[in-house]
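Input: structures, listed below.
In what comes next, chain A is part of two complexes: it sits with chain B in the first one and with chain C in the second one.
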Partner chain A sequence: MTAEIQRNEAPGGALGWVDSRLHLGPFIAALLHVRIPADAKTFYLGGITLFLFGIQVVTGTLLALYYSPTPEAAYESVLSITSDVQFGWLIRSMHHWAANLMLVSLVLHLLRIFAQAAYKYPREITWIVGGGLLLITIGFGFTGYLLPWDQRAYWATVVGTEIAGDVPLIGSSLLLLLRGGAEVGEATLARFFGIHVLVLPLLLGGLVALHLLFVHQQGLANPKRAEPRPGRVTAPQPPEKLKPFFPDYILDEVIAWYAVLAGLVILASLFPAGLEPKADPLVTPEHIKPEWYFLAVYQLLKLVPETVGVVAPVALIGIIVLLPLLDRNQEIRPRRRPIAIFLALVLLVAMAVLTYFGGQV
Partner chain B sequence: MSDGFTPGIEDGGRTTAPQPRVGATGPGGFGRRRFVRYLMGFSIVSSLAMIVTPIVGFLIPTRTASGTEGGRVLAGTLDTLPIGSGAVVAVGAKPAVVVNTTAGIKAYSAICTHLGCIVAWDAPANTIVCPCHDGRFNPATGAVVSGPPPAPLTPLTTAVEGNDIYIVTG
Partner chain C sequence: MRTLRTFRPLLLPGLLALGSLFAATIVTAGRPADGPGTGSWTLTVGQATPTPEVPLESAPPLPTPIAHPGDASSTGCVDCHSKVDSKQAAIADDWRASIHAKEGVGCADCHGGDPTSDEITVGMAEARGFQGVPGRDETVGLCGSCHANADRMRPYQVATDQYSKYFSSVHGQRLLIANDDRVAICSDCHGAHGVKPASDPTADVYPLNVPALCASCHADATKMQAYGIPTDQYDVYKLSVHGTQLLEEQDLRAPTCASCHGSHAAKPPRSDEVVQVCGQCHTATQALYEESAHARLEGVGPKCWTCHGTHDVSEPDESLFLHEGGVPDYLCATCHSPTDQSLRLEMDRFEDPADRRCDTCHHERSLIYSQVEAIAGAIGGARDAYDTALHRIDDAAALGMIVTDADVAAQEARTELIKARAAVHTTKLTTISELTDAALAKSAAALDLASSKLAESDFRRQAMVIVIALIALNVLVLIWLRRRLHATN
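Moving on, here comes the complex of A and B:
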């Protein structure tokens, strides 16, 4: 009798046909019909980062259909994508800009989490997984940068891999592993292409799934009230105001995605991805500069010995990723965390100054 | 039972905890359960090693000789490289910078010792310059004059025969 009623209430059409076989309704309901704190302010940055990753998957897959990962053909294939293939310039420029915006939104997402202390109990593991996502995104930028095989790409990779070669103890092995040989060449391009289109997307996809699972399990953090810790007596508080995740939050998120998509198309149209002369291993162009997010490290290496210039950023990334294990202060309001907020501001200013001077000719 | 436990007993909907069988773990000895646990751990570790070893081995490239074969490479002539001038030339697959100084013809590896960029000859400043971080080298000795390079440029042997300038390798 119960089964009869359920069958009658199942949606009709194709959805009903699928649901009557797989019974996915309760699973999807468990994913969507959750309630989130009404005070949660995410600025939709995590979702925007995910949306940009989706754009990267689509545009990257399209680009791979025309791209040839060999030193002889890579540059010409990118030239052909840009000038011969229909909408090729748009797809490539969107891939270029989405990569930059993805890093921007990811860092802003990280700063939002930091400011709201949402990395603290019980979300430490979610933050650490997020740190892994940041590293993979930087890896995407580094490996994708070489693929056009122009002068800028080539020399940025020479310098970048040389920096990796200065990591104490494992530097020379790391350099060889990255380049696939003594110099940046055919093996490096093949490696970077494989890592860029296979290894990193799989890793990122897996970690994103894990990250989302954790967020779903723990719910969004309320920036106005700390999570009660087990074994600690807290003063009674009024009931938390909640709102539905679906459709309220999702609708706002989708609107944000459309706004980002519009901005992306405008950026790609007004400032399309360029291409410098083909890579020449015998000539380093004057005033060569890496991509903006590596400028701070590039400038640091001009000011300090190589070992310091390499160890300092690695240590900094380690501290950021392991922050929840290092910061034991239970307070979540920024005013009650003056040291953490001050150190973060100093770091941001230092990186901005280094990036500015690194970008100067 | 093979795991050394008697099965749980159904009792009106409740299940009692399984009881270890006498003899499953010998007194002070190496019990069956512990043995199986060690065996499983060993299997997991060896399986991982079996998977990881060929992957790591595959990723490490064969170390090939990156230097050039022994011999001489024509780097230019005294006509094209008068005193006070310099040029970057290919010596096999590697670049070299050749400079005609008042102290004679000098040649160095053109790979900057800082981050691997290719240096160039800066005639107005009379120095060898790296375009990446503006490191500068003395053309007569290859020593660092200014900037972040940690070591001088690697010197190469040159030979002048008639009007021709050669870089001798190997």
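Moving on, here comes the complex of A and C:
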């Protein structure tokens, strides 16, 4: 009887109308009304990455309404979006900057997880899925870079696909798979567009859902307290301080999103996405540079033999993705993990130096 | 004043007499018989026009190619000579790398003898036709015996007129007439044993290397002393627009020494040839020049080199029109006959680039001077408008604006400006003005487009401030909500 009364008192309006049919209330409550460690320091980076992905979906959809994925029309359509379409420049610039910021926030999120050892038990699978998200985001950057079909886009893709072609054993097949022919051309643009707007979003959406599900199931990691492992006796600890995920954490997260949105608007307004002359396969620019996140690999290839330059980054990504399976140390405090922290710092410095010198061409 | 009144009756007939002197020419230049006063500027003038054409001595009859036993596979000479000493070995190496070795031309084809024998007493015996090292006076004939033979050269698709051309050159004529064997012969440019095709970038005769090759003799004061010709051409050429384009930009379209002087038929172009010589590359400019008042003066009119120089051709600009800060006080006799003040127009070339100005010939009180001023003003105005548009486009691009359409308009303006500059060679003010007007219109269009980009950029920045303010307001509301929530909890 009480339940019936409560159900009858369910919210009215559209929400009530939907809920009276789908009974989603308990599900949403289960998603939102969880408690998280008060000591958790996420810096909102995971949420910011998700927010930027949302921006990409919205702006990308708008761009796709005007974009023509053929070598004859691609450049002109981008030019038209930027010059003729109302606020087209803003949409394109937001898409451009959000792509860069998404990668930055994703890497910072990864570094935060690494520093807090949140990839260790029981969150190994969450980390591996996150590694997949990193690869897909890089794939977004690589495929999206070609779409404006200007000189920089074209020649960066020529160089980028050539690097892929140097992968031992599968290089030539990979090159053909990426380009769809001997040269970067119509087939390349068509498949890069298809991968960029269909394959990768579906993959990313699926993996994000999985990632969030795992986070929901495991809760946020407490950087000050290792997760108790089954069958292992640990010293008694005081009860963990917790705080509600909704609305406390969500409110802070939304403020962070607003800050990112403000940054995006400033970047898009002051530094709008540019466009070089139309791609010309017969005119090689004096200096060809890939996008900034490939500069380290680009510079490495100049310094070491080709095979090493290609295999090393692939191996590094493999190590990063499979880190929870390789790092057996159960310690989570950074000071007690000097080797891991030192190696990470060396890697960061090396990548920063390579990126810097890669950009000096 | 009294003197002026006294001579008033003579003034009109005097002016008419002077006018009749000038009527014979289109160019009105110089000032009326001032006489060479102190402090007057002397023009250093090049050769007078037209250069007299000297009858050429005919090329001598072609010698017969050297006959010898064996063929290209007979390597007796090389087998021994490559083992004699390092010098001989180097010669053998040069020959092996040469086009001659590839095409089966061996030692005996130039030196005679018997290459089928490994015995020095046989291979280098006079009885076997051995002739030793050909003399410098024999070399041209020796090379010509094959290279002027159309049947022999047919498989290689190379010209066979080098022999006759050589003997029409300054080099060949001196060899023939003065028996001067210090002049350049075939092997001085092509090498003796290591002959390479001109298309080989390592060959001395490859276009990029030609200036240095010519300079190896012509920049050598000792070698040139006997001929009394300057030796600074290479240094001057290197700094010229042609030299920098060829030597620094490695642009094979740029002229080498041979482009203007000829290679095998090398000699300085005559004044009546120079328009044709420059016109080989500057075809459109030549056509425009042919329409001009200058061209109608034929032999005595100014030519390309009068304004642009020879080896020191520089990027032309508006400074070529008028002297900055006034015309130097040139000597009247430079342009006028000292006897009857008629125009002589013998200034073929001005050695000093500062003299290469329209007002060097066209006196500031002449009608043509005002026309030159109008042309200079039209070109200068069009250039200024173009530069202004470019600066505005740069400003817009620096703010991240896409300026493709403005760039296209500026390119069109530049095209019109280039056409107007080229049209200066017609000396026709109306033609030039039409083109400068078109350049001005295109520059104005480019400027408008760039200005609209700048206005758009301003709008974006203003809109950005409003959006940021709205975001800040939202954040403030959220912070207020957060505090209220914590207070409630």
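Heads up, the rule we're going with is that the second predicted complex is superposed on the first by the 359 of 361 C-alpha atoms of A that agree within 3 Å, B and C clash if a C-alpha of one lies under 4 Å from a C-alpha of the other, contacts with A are read in each partner's own complex, and residues count from 1 in each chain.
Here is the rule we go by: a residue touches a chain if its C-beta (ideal position, glycine included) is under 8 Å from a C-beta of that chain, and two chains touch if they have at least 3 such contacts.
Keep in mind that this is a model prediction, so the values were computed, not measured.
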item: Room on chain A for both chain B and chain C (clash or fit); value: clash
item: Chain B versus chain C as contact partner of A:I266, first or second or both or neither; value: second
item: Chain B versus chain C as contact partner of A:N329, first or second or both or neither; value: neither
item: First (chain B), second (chain C), both or neither touched by A:T61; value: neither
item: Touched partner set for A:I255, first chain B, second chain C, both or neither; value: second
item: First, second, both or neither for A:A187, with chain B first and chain C second; value: first
item: Partner chain(s) touched by A:P281 [first = chain B, second = chain C, both, neither]; value: first
item: Partner chain(s) touched by A:S83 [first = chain B, second = chain C, both, neither]; value: second
item: Contact residues common to both interfaces of chain A (with chain B and with chain C); value: none
item: Chain A residues touching chain B - in the complex, by the definition given at the top; value: 155, 158-159, 161-163, 173, 176-177, 179-183, 187, 281-288, 301-303, 305-306
item: Parts of chain A lying in touch with chain C, wherever the complex brings them together; value: 79, 82-83, 89-90, 247-248, 251-252, 254-255, 258-259, 261-262, 265-266, 269-272, 274-275
item: Interface residues, chain B side, partner chain A - complex; value: 59-61, 63-64, 66, 88, 90, 93, 95, 110, 114-120, 130-134, 147-148, 150
item: In the complex with chain A, residue positions of chain C that touch it; value: 400-402, 404-405, 460-461, 463-464, 467-468, 471-472, 474-475, 478-479, 481-482, 485
